[in-house]
Structures are given as C-alpha cells and as structure tokens.
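Pasting the structures in now, so scroll down.
Presented sequentially are two complexes of chain A, the first with chain B as partner and the second with chain C.
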Partner chain A sequence: MHVYVLRRLLATIPTLFLMLTFVFFLVRVVPGDPAIAILGDSASQEALERFREQMGLKDPLHVQYFRFLADMARGNLGKSMVTGLPVWDQLMRVLPHTLELTAAGVVIGLVLGIPLGLISGLKQNTWIDYLIRAVSLAGLSVPAFVLAVGLIMVFSVRLGWFPVISTGSGATLGEHLRQLFLPAMTLGLIMTAYTARMTRSSFLNVYQDDYIRTARAKGVTEPRVVIKHALKNALIPVITLVGLYAGVLLGSSVMTEIVFNRPGLSGLIVGAMTRRDYTALQSLLVVFALLVIIVNLITDLLYGLVDPRIRYE
Partner chain B sequence: MSEPRVQANHEAPAAPGAADAARGPSLARRRLQVFLRNRAAVAGAILILLLLFVAIAAPWIAPHDPVRQSAVNRLKPPGTESYLLGTDRFGRDTLSRVIWGARVSLQVGIASVLLGMAIGVPVGIVAGYKGGRTDQILMRAVDVALSFPTLVLGLIIVALLGSGIWKMIIAIALVNAPQFARVARGPTIALRDAEFVQAARALGNSDWRIMFKHVLPNVMSDIVTVSSLWVASAIRTEANLSFLGLGVAPPTPSWGNMVREGIDFLGRAPWLATVPALAIFITILAFNMLGDGLRDMADPRTRGQ
Partner chain C sequence: MKIRTLLTVALAAVLLVAASVTVGAQSKVLTFGMSQPDIGGMDPHNAPGTNDKTIVTQMYNGLVRFRPGSANPEYIEPDLAERWEVSEDGTVWTFYLRRGVQFHKGYGELTAEDVVYSLERAKDPQRSAFSSDYVIFAKIEAVDRYTVRLTLVRPVPAIQVLGVLTNYQGGMIVSKKAVEEFGDNFRMNPIGTGPFQLKEYVPRQYVELERHEEYFRGTPEIERLVYRFMPELRSRELAFRAGEIDVMEGLREQWWVEDIKQVPGAVVDVVGPGEMRTLHFNMSRPPFDDIRVRQAVSYLIDREEIMEILGRDVTEPAYSPVPPGYMAHTDDVERYDYNPEKAKQLLAEAGYPNGLHIGPVIISEVQSLLVPMQIIQEQLAREGVTMDLQVVDHQTFHDRIRQNMSNMVLYGAARFPTPDQYLTQFYHSASTVGKPTAVTNFSHFGSVIPGVDHLIDMARAEMDQQRQVEMWQLAQKLITQSAPTFPIYVQKLVFVRKDYVDLGYEFESTISLTVPFTEKTRLLK
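Up next is the complex of A and B:
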C-alpha cells in the first residue's frame, strides 16, 4: 500500500507541472491588454507603462513563466492586479462556501443515490426500476441552472419555504441550513441521478457473479448477501464516479452559485475573467484544477484501499 | 469490432429472444429490432426529429419576429391573444424566441460534436496505435485538459475567441476533443494487434494508411453509438455558456440567455425563465434517451438490464 501511495503521489507531479504550464499560457492568450482593461482607455501612456513595469508584464515571457512557477511552488498566489489584495485572502473568504456546497451535494447524492440504485437493481424490470431509471435519466439531463430555476419556482416562489437568494450563511444553524438547502439540493439531485445509475448497473454486474452464488449456497441469508457481498463490491465503481464527477460538480456549483447569487468561487473566477485580472485568474484556475487533481488522487487512493488488485497493477 | 460483441450475445442469459435473433437475417436488422423495442430510445428519436423540424422551419412557424420589440406588449402573460407563451420585458414573443433558440442549440450541439470528433479521434488513434512515448505524452496532455471543469475551459476559450455561434462551436469542440481522444484510444489498442491490421501491415501499408483506412472505420462504430450522448452534453455546455452571458450575443435568442434574462422575473413573469429552461431540459433528455438506446443496441450485454 505504501508503494502504491508513493507511486500515485509521484505521478501527480508531472500532471501538476503540465497544468501550471497550461494555465500560464492559457491566461496569456486571452485577448485584451490588462493595463488598459484595468486603468481604462483614458489612462496616459506613462501610467500604462508604469503599470506594466510594476506587474512584470514587460519581462520576457520565460521570465514571467519561471517566476509564476516559483510562486506557485511556494504556494504564493500573488495579488490581484485590479484590487491589489492578496488572492489568497479573497479565496479564503469564498472557498468555504463553494466547498460546503459541493460537499453537501456529494453527501445528498450518495445518501439518496446508493439506496435508489440498489432498489432499482434488486427490483430489476419492475415498475419501480423503470421509475427510478426514468428519474435518473432526467437528472442526468438537467443542467444545474435549469434545475435551480425549477426548485426556486416551486419552493421559493410558490411555497415560500426557502429564500430565492442564498447569502451563504445565517445567524443560526437552522438559518444557515435554510440558506444552503436549495443550492445543495440542486447539486445533490444531479449527483443522486449519477450515483443511482452507477450503483444499479454495478450492482447488477456483481450480482450475477459466482461468488454471490457461492455465498448463497453456503446458506448466507439474502439481505446479508445483498449488503455484505454484493453491495460492498458494487460500490467500488461508485467511488470512481465521485472522483470523476468532482470536476463536473465543481462546475455545476459555479452555475448554482450564480443562480442563487451565492458567494463562492464562481464570482471570483467570472469577475477575474471580465476584468482581465491575469494574476488573480491564473491563481484561481490553478486552485480549481488543484482541487480536481486532489479529489482524483483521493479517489485513486481510496480505490486502492478498497480494491487490493489495483495496488499491484 | 462488432463481431466479438455479437458472440457475447450468446452468453447473455438475460437477453430474451437472443437465440432466434441470432438466426435472423442480418446484424443491422437485429440491431434495429433491439432499438425499436426500446421505447425510450424511440421516443427520444421522435423528439429529436421534431426539434430538428422546429429548428429548420423556424422562419416559417414562428408566429412573430423573435427580436422585434414592442413597447405596448411588454410582459404579457401566456395565453394573451397571438402570444401563446407570453412576452418578455421588451415585448418580444416568448414562443418565437424559443423556436429560434432551437436553431442555436441544435446547430451548436451537433456541429461542435462533429468538429470535436474530427480533432480528438485522430489524436486518440495515433496515441493508441503508436503506443509508448507518443501515447504517454498525448494521454498526459489529455488528462491535464480534463482536470479542468468543462465550464472553466469553455469560459476561457470563449473569452479567447469572442462570442458568436461559430466561435461557440469551436470552443465546445475544443473542450470535448480530449474526451474523444480518450474514447478512440481504447478500441485502437485492441485493434492494433487484430489479425486484419497485422495483415495490412504485412502487405506493406504505412502506419498512417492503416490508422485511417483500417482502424478509424472500426473505431467510429464505437464512437457513433455514443455521439448522441455527446450532443446532449454539448447542448448543455452551450446552455451554460449562454446562461453566463458568454454564448450567442443578444438579441439572438438562445435558450441559455433567455433563462438568464428571465431569472429576474421569476416572481412576476415565471414563463420567461421556465419555458426556455424546459426546452433545454427536454432537448438534452431526448438526446440522452436516444443515446442510451443506441449504446444498448450496440452492446447486447446491457440489453434488458
């Protein structure tokens, strides 16, 4: 296991390096002069020059590149070109909201999705199976912002149970959860659909295996066969799914945040893009990609933990 | 590629009628039967044909000019005379805008998948066929590209190219290309050592000729069966980008920007956001239903599951 962990950790280094390079050049090719974007059309030539000088924009590209790599390696996200505030501080203000939302979405997705997928698989080709499959397909087909609009229409506009706008925090825990509920449900229901589908097909695959028949032949009771033998193995691909959709989920949480006007990464990234805030944008993209890479890493490690075969590949 | 799968058919105990299907006339015919038995897939296909009709016939079937503003007809509720689905804050007809929006969604969805395949599939084939270092480098690049959420990549590419239908198609194609590369690579590896490929090699065909004359057509059958799912995903990305205001520039109606404009009126004029939102949902659902059916059709093992 140690070797596996070590190998997996080492494997992320080239990925990280490529990712940083990619972000650096991606941000440079976005058109528009940041000096003009920030200081405005009316700024004097002198002021523009001074700004470019200060921001290191006049240095040759490779100098900027290595400076960027060095900063990132030290965990220095730099300062926003526009506000002059450290990106780290801005990030820390909003990141908890995005992580809270995404985590809530994953939890809802697993709590609802695994049992639904299991029921669907156990009752294969009955009306309840068809129903769960139809609802799952609908869940896979609905973009987060569309579902968010639907939930707002029903629960905020019609019923008035939850606020239309989510401020991200409340005075009491109850109020806090009330703020979180609809955005988390938006992500959670989408995740539920993915999870239920994956659990079902994975369960059906496992359920026909010989070792299940063996367990039954040994006299293991059916509920025990389902839970202890089948489900345990069926959940392995579900773990990968969570990792695979971490990126999608983060993307969906961005859309959800916008619909609910909730503070989070979305505001920072979209803001940095429209203001041509190079420094902030590249740091935010790095953080975003880093989150996805970390989740993938954790998924892989978990995968190795639950499925010993993986470790020896 | 399809032959071994048909053999898997005999092993599938869950597939009723597999035995007499195997005696049936042709593979294509058998597959069609499987497809037609899948009611959801057929419904999806019919819906898509309907949507295509609406998109193509938009100029003739839309009751009003989708961009013409009318100060006296602002925020008319659905059912108002000659405005079946009401009007927006500029007095534009919602129904006409939704009909024209179908054009944007389908055009972007289908064209971006075709373009994305044209970019990604060759990369995947080269990686899978050449193997070794080439494979490692290409696939590592694909991994990195995939570690960015589609949305963020799309955002950047749109920012780079600017907005407009064609630019959006290119942006979404570029975002999806790495995934096509990955999908094409798998079967290529399996085909690399297939007998007919070895035979082609023994006959002195060049690598490029083998890759594109022999491997590509076989890989395509795998890719075509999932293409409908990709169109669904491309339409979703288009809707997301338009919703963020980065898609097709207003006043051209697209479902995403209609929802965005409608969101401020959820209380007073809920149809403005919900009608295009439903249109997005139904369209993506239709492509997914068709896509599921096509995939099951190609893979008898999942039949009846």
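Up next is the complex of A and C:
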C-alpha cells in the first residue's frame, strides 16, 4: 500500500508542472487588456501604459513566466491587479464555502442516490424502477441554473422557507444550514441522479455473479446478501464516480453560486477572468487544479483501499 | 433499516431548521442589488466604472454638487463650498468652505489643505484617471484654513470650471491624511466626507456602508447601506420579490419593466441621462471610406423599429453625435431616417448594385449591445447588406475595437453632460484608435477625412457662452454631414425599488448612473 501511495504522489509532480505552464499561457492567449478593464474606457493611453508597466505586463513573456513559477514554488499567490488585495486572503474567504457546498452536494447525492439506485435495482422492471429511472434521467438533463431558479421560486419566493441570498455564513448553525440547503440541494439532486443510475447498473451486474449464488446457497439471509455481498462490491464504481464528480462540482458550481449569490472559488475565477485580472486568475486556476488533483488522489487511494486488486498491480 | 432511519432524521432536521426561521426585521438597513459582479476600488480619482461610481458617490463630496436626482449642469449647487467668487478677468476662482465638515472615522475636519491636495491629485496623471479634466488649473492653493484659490491658465466658461469640481469623478475631495497614511491601499480604505462610510468590503459579495454620524447635512436616516453584487438578473429579481433587497438595477427592456411593475409594492424609476448607442463606421478602409456607403447603411437602419423592440419607455431617439439632454445639444443636424429606396440608390452609385458585404463586425456579448446589433444585422440583411458578426466577451470586444479590427463599432457611453468630453473622445482626431493619444474615436473621423478638431478646441476655450454653444452646435451639424457615425438611441436607466423606500428627492436623472441615497432617504416600514 505504501508503494502505491508514493507512486500516486510522485505521479502528480509532472501533472502539476504541466498544469502551471498551461495555466500561465492560457491566461495570456485570451484577448483583452486588463488595463482597460480596470482603468475604464476613457482612460488615456498614458495611464494605460503606466498601469501595464506597474503590473509587469511589459516584461518579456519568459521573464513573467519564470517569475510566476518562482512565486508558485514559494507558495506566493500574489495580489489581485484590480483590488490590490492578496489573492490568498480572498481565497481563504471563499474556499471553506466551496468545500462545504461541494461536500454537502456529495453527501446529499450519496444519501439519496444509493438507496434509490438500490431500490431500482432490486425492483428491476417494475413501476418503481421505471419511475426512479425516469426521474433520474430528468435529473441528469436539467441544467443547474434551471433547477436552482425552480427551487428558489418554490421554497424562497412562494413559501419563504429559505433565503434567496445565501451569504454562506449564518450567525447560528440553524441559519447556516438554512442558507446552505437550497444550493446544496441544487448540486445534490443532480449528483443523486448520477449516483442512482450508477448504483443501479453496477448492482445489477454484481447481483448476477456466482458468489451471490454461493452466498445464498450457504444460507445467508437475503437482506444480508444484498447489503453485505452485493451492494458493497457494487459501490466500487460509485466511488470513482463520486471522485470524478466532486472535481466537477468544485468547478461547475459557478452557476449555483451566482444564482444564490454565494461566495465561492468558481465565482472568484470567473470574476478574475472577466476582468482579465491575470495575477489573480492564474493563481486561482492553480489552486483549483490542485484541488482537483487532490480529490483524484484521494479517490485513487480509496479505490486501492476498497479493491485490493488495484494496489497490487 | 439504517438508511431509512438516517433519512428520516436528516429530513426532520431540515424541516426543523426551516421552521425555526425568523424573518429579520431591520428597518434601517437598505440593501441594493447591483448588476455588477464586483468593484475595482473606492478611490474616487481612480474609479472609472459605473460599478465603482455607484459606491463612491455615497462616500464623497465635491466643492459643488449636482442637485440630488438631477444630472442637469444648470442646477449645480454648493456642496463643501458655501459660496465662491470669480475675479473680473475670470481666471481666479475663490471658494469659501463650510466650517466643521468632518471626515469619516475621526480623520478630522475638512480644511483647505485637503481640497488643495485632492485637486492636485486629480490633476496628476500618475495618481488620477481623470487628470486631463484638470489641466485648466495653473495654481491650486490654500489662502487660509477655509479658503481655496484656483488660478486658471486662461479664462474658461463657468460650467467647465464648476463641472470638474462637482461630486463626480475627479472632483471628489479625499482626506489628505488618509491618502498619505494608506498609500496604494487607499482604494480599499476610502475616507471622505459623504453621508456614508465604508464598513466592510467582501470581494464578489458585497460592500457595506454605514452612516456617517457627523455628516454635515445631518445624520442620515438609514443606518446601513448594503450593496450586493448580483450579476444574475433572475436572481436579483427573485431576491427583490422575496423582499431580501429593497432597490435593484433592472433590465433596460420594456417587457421586463412591464413585468416587474406587476409585483406588488414595486416602484419603477426610468431615468436619464442614460448611455447613447452610436454606430461608428470605420472609415480607415473599404467599404466605409466611401460616404455613400455610410449614408446608405444609415438609411437602412430603422431606428423606430429598434426602439419598438427594446421599448418606448426605456429608449429615446438620438440624431446628433451629442446625446439629448446635454448642454448645447441640437437635433438640427443632417438626419438619416429610414429610407431603403434612397439607400439602394446610394449603394448602386457606390458600385454595390447587388448588395454589400461589410466584413468583420465585432460585438460584445453584453445584452445591451448584442441585442441592438443583432436587430441592425437583420435590418441590413433584408436589403442584401451582410456582415461577419463576431460575438466576443466584453473585454475582448474592448481590446479588438481598439486594435481597429471591426468595420463597424456599436458603442454606448455617457459622459459629463456638456459636449466637450463626448466630442473630444469620439470625434477629435487625437482620439483616433491606434494613435498614442487614442481614446474612443473608432470612425477615424478627423484623421482620414477632415474633421472638426478646431471647433472642439476653440469651443473648449471660448469664454462667451453663446458663441461656445454655437460652435458646439456647428460641430454636431458638420459631423453628421460626413456621416462617420449613426447615432441611434439613448438607453435610459431602469431601477426598481420597494414603495417603502422614500428617496427624499425627485428622481429625474443621475450623474453617477445609480440611485443616490442621501441623508434624507428613509425606509417607511
């Protein structure tokens, strides 16, 4: 197991380096000028030039590149070109919200998705199965934006149970959860759809395997066969799905964040992008990529833990 | 089964939380839903964006100000200065300050020293985005603690002197002590004399202001003013309906205005001055180097239809290169009203009897530019005039049109309501894109064909107001004769507020392009 972990860790190093390089050049390939974005459309050329000089945008590209690599190596995320605030501070302000939302979405997805998928598999080809499959298909197809607005219309505007503006942090735990609920549901319901479908198909696969028949032949009771023998093995692909999807959630929660006015990493990235805030943008993209790498690493490690065949390969 | 128990518990917890909700009744907090995702800073001398101005205007004063609810320069009134005198030759202006005006957060009393420091700063291109407005001041000095003397390089019309001393852009007065203390961080630590002061700024979330207890016009009624960044219209609207925000920026389209009027307790303010949308023809290359093509395309655009689609209440027709409502504006100019027959004839004469391909036209994805551009594309296509419309994000749009990459540029702008800035930035040869002094002259007017530089320059220096107005009006007339641009319409501003928000003034127009909140603004709930 240790060798496996070490190998996985070492494999992230070239990924990180490639990612840094990619991010740096990607940010600069996009047309647009941070000087105009920041100083406004009636700013004089003189003012624009001065700004570019101050921000080091006039330096040769390779100089900027190595400066960026050196900063990253030291863990220095730099300052936003627009606000002058340290990127690290902004990041620390939003990161807990992003992680919280992602985690809540994943938990809702698992808590609802696995039982639904299981029921669907057990009652294969009955009306319950058809219903669950139809609803989860709808869940896969509906854009987060539409779902979010729908939830707000019903639960905030009509019923007044939850706020439209989710500041991300309430004074009390109750208030906090209340603000988290609708955004987490938006992500969670979509995740539920994925999980339910994956659980169902994986469960049906496993349920026909020989060892299940063996278990029954040994006289193991049916609930025990389902939970202990079939479901446990059926959940291995679900882990992969969760790992991949958590990475997607980290980034794709942008629409959810915007609709609910929630602080978050993806919102920060989009903001930096629209204003061509190069310094903030490249640092944030690096952090985002790092998070995805970490999530994938954890998934790989979990996978190795659950399925012994993988770690001995 | 365990899972079922878990689910039941989770559901019960959620319902409990939902049920335990108490609706916060805070009657002295006003929440404003902004359409922008963030601000750039709160240093008034470096706050060019509408988003920045929205916040900054609440925190600072000028020597003089626009009357609240009005952007009409005729109603400029005393602000930090109680009164002023002008020397006989018109070159020396003496301002007498109010006494006892306090800066925010204990930064002390406003003195002539702060005013001198602020205006010197506004004039300095190293420290201000508006320095070109202040070149008329040769000397800025403090006579005593409460008197400031401004000496002009030459006599200049009163409106131009007072204009740059208003509570707008560079005219805002900052605390010398605070700027020196915070240096570059002043933009995040704003200290002014206005009715509200900064409490907290959270990037991409909100700016919270609190009332300035010692505000010289009296302590504001509203205790806190929260500006929330809510770029998504739908979510802004839902928050307004749910009562979580009190005032919001609306969509500047008729259908939306009609829609939101139906919400109980909603008051809609459609106000000026608004941004004028003008189509600039790039005359630096074919096909628009030919005046007949420019005129033909102008005749093919149906202004009435565009305004019909966008809505009568939120638009106003524009014919002159200077927006209606600005000083010296005139509609007595060469007009190009919809006339497809005349257009076809002109195109045939220009050598395009079977239609014309305009080439690349770059437009921003921002709705208020994209929608009218798409209507124009459709109108031209009806008569066989086509283009390669390239829709790009807003910053790319700004970048590319400044690199002269678009054959037509649809642009919207609002400026100080006299013709000088508008004419200089869009029609002076020095402002032509590609030049070192470039601003926003996308048509190359004055560079590739004779322009009106001399009129713009002379009018700026003209002391006789009557003659100045005449020069500005002549410039408008001459510009339209060459058809370098096609002024289309003015897009008015749309704000929605709850009926319990009493602004405390008549809201007709706004120089800061937002809803100003004064010491008198109240929440009647």
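The definition used in the following text is that the second predicted complex is superposed on the first by the 295 of 313 C-alpha atoms of A that agree within 3 Å, B and C clash if a C-alpha of one lies under 4 Å from a C-alpha of the other, contacts with A are read in each partner's own complex, and residues count from 1 in each chain.
To be clear about the criterion, a contact is a pair of C-beta atoms (placed from the backbone, for glycine too) under 8 Å apart; a residue touches a chain by one contact, two chains touch by 3 or more.
Predicted model, so just to flag it, every value in this text is computed and none were measured.
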Q: Could you check whether chain B and chain C clash or fit when both are placed on chain A?
A: clash
Q) In the superposed arrangement, does A:V149 touch chain B (first), chain C (second), both or neither? A) both
(Q) Contacts for A:F22 in the overlay, against chain B (first) and chain C (second): which applies, first, second, both or neither? (A) first
Q: Considering only the touch criterion stated at the top, classify A:V164 as touching first (chain B), second (chain C), both, or neither.
A: both
Q.
By the touch definition at the top of the document, which applies to A:T12: first (chain B), second (chain C), both, or neither?
A. neither
Q | Partner chain in contact with A:V259 - chain B first, chain C second, else both or neither | A | both
Q: Figure out whether A:F181 sits in contact with chain B (first) or chain C (second), or with both, or with neither.
A: second
Q) After lining up the shared chain so the two structures overlap, which partner does A:G271 touch, if you call chain B first and chain C second: first, second, both or neither? A) second
Q: Please identify the positions on chain A that touch both chain B and chain C, taking each partner from its own complex.
A: 30-31, 149, 152-153, 156-157, 164, 258-259, 270
Q) Which part of chain C faces chain A closely enough to touch in the complex? A) 3-4, 6-7, 10, 13-14, 16-18, 20-21, 23, 37-38, 40-41, 46, 48-49, 125-126, 129, 131-132, 184-185, 187-188, 202-205, 228-232, 234-235, 238-239, 241-242, 244-245, 392-396, 398-400, 402, 413, 415, 421, 425, 436-440
Q) Once bound in the complex, which stretches of chain A touch chain C? A) 30-33, 36-47, 50, 80, 82-85, 90, 93-94, 111-112, 114-115, 149, 152-153, 156-157, 160-165, 167, 174, 177-178, 181, 258-261, 263, 267-268, 270-271, 274-276
Q.
Going by the contact rule set out above, which residues of chain B touch chain A in the complex?
A. 40, 140-141, 143-152, 155-156, 159-160, 162, 232, 236, 239-240, 243-244, 259, 262-263, 266-267, 270, 273-274, 277, 280-281, 284-285, 288-289, 292, 302, 304-305
Q. Which positions of chain A touch chain B when the two form their complex?
A. 14-15, 18-19, 22, 26-27, 29-31, 124-125, 134, 137-138, 140-143, 145-146, 149-150, 152-153, 156-157, 164, 201, 204, 247-248, 250-251, 254-255, 258-259, 269-270, 273, 285, 288-289, 292-293, 296
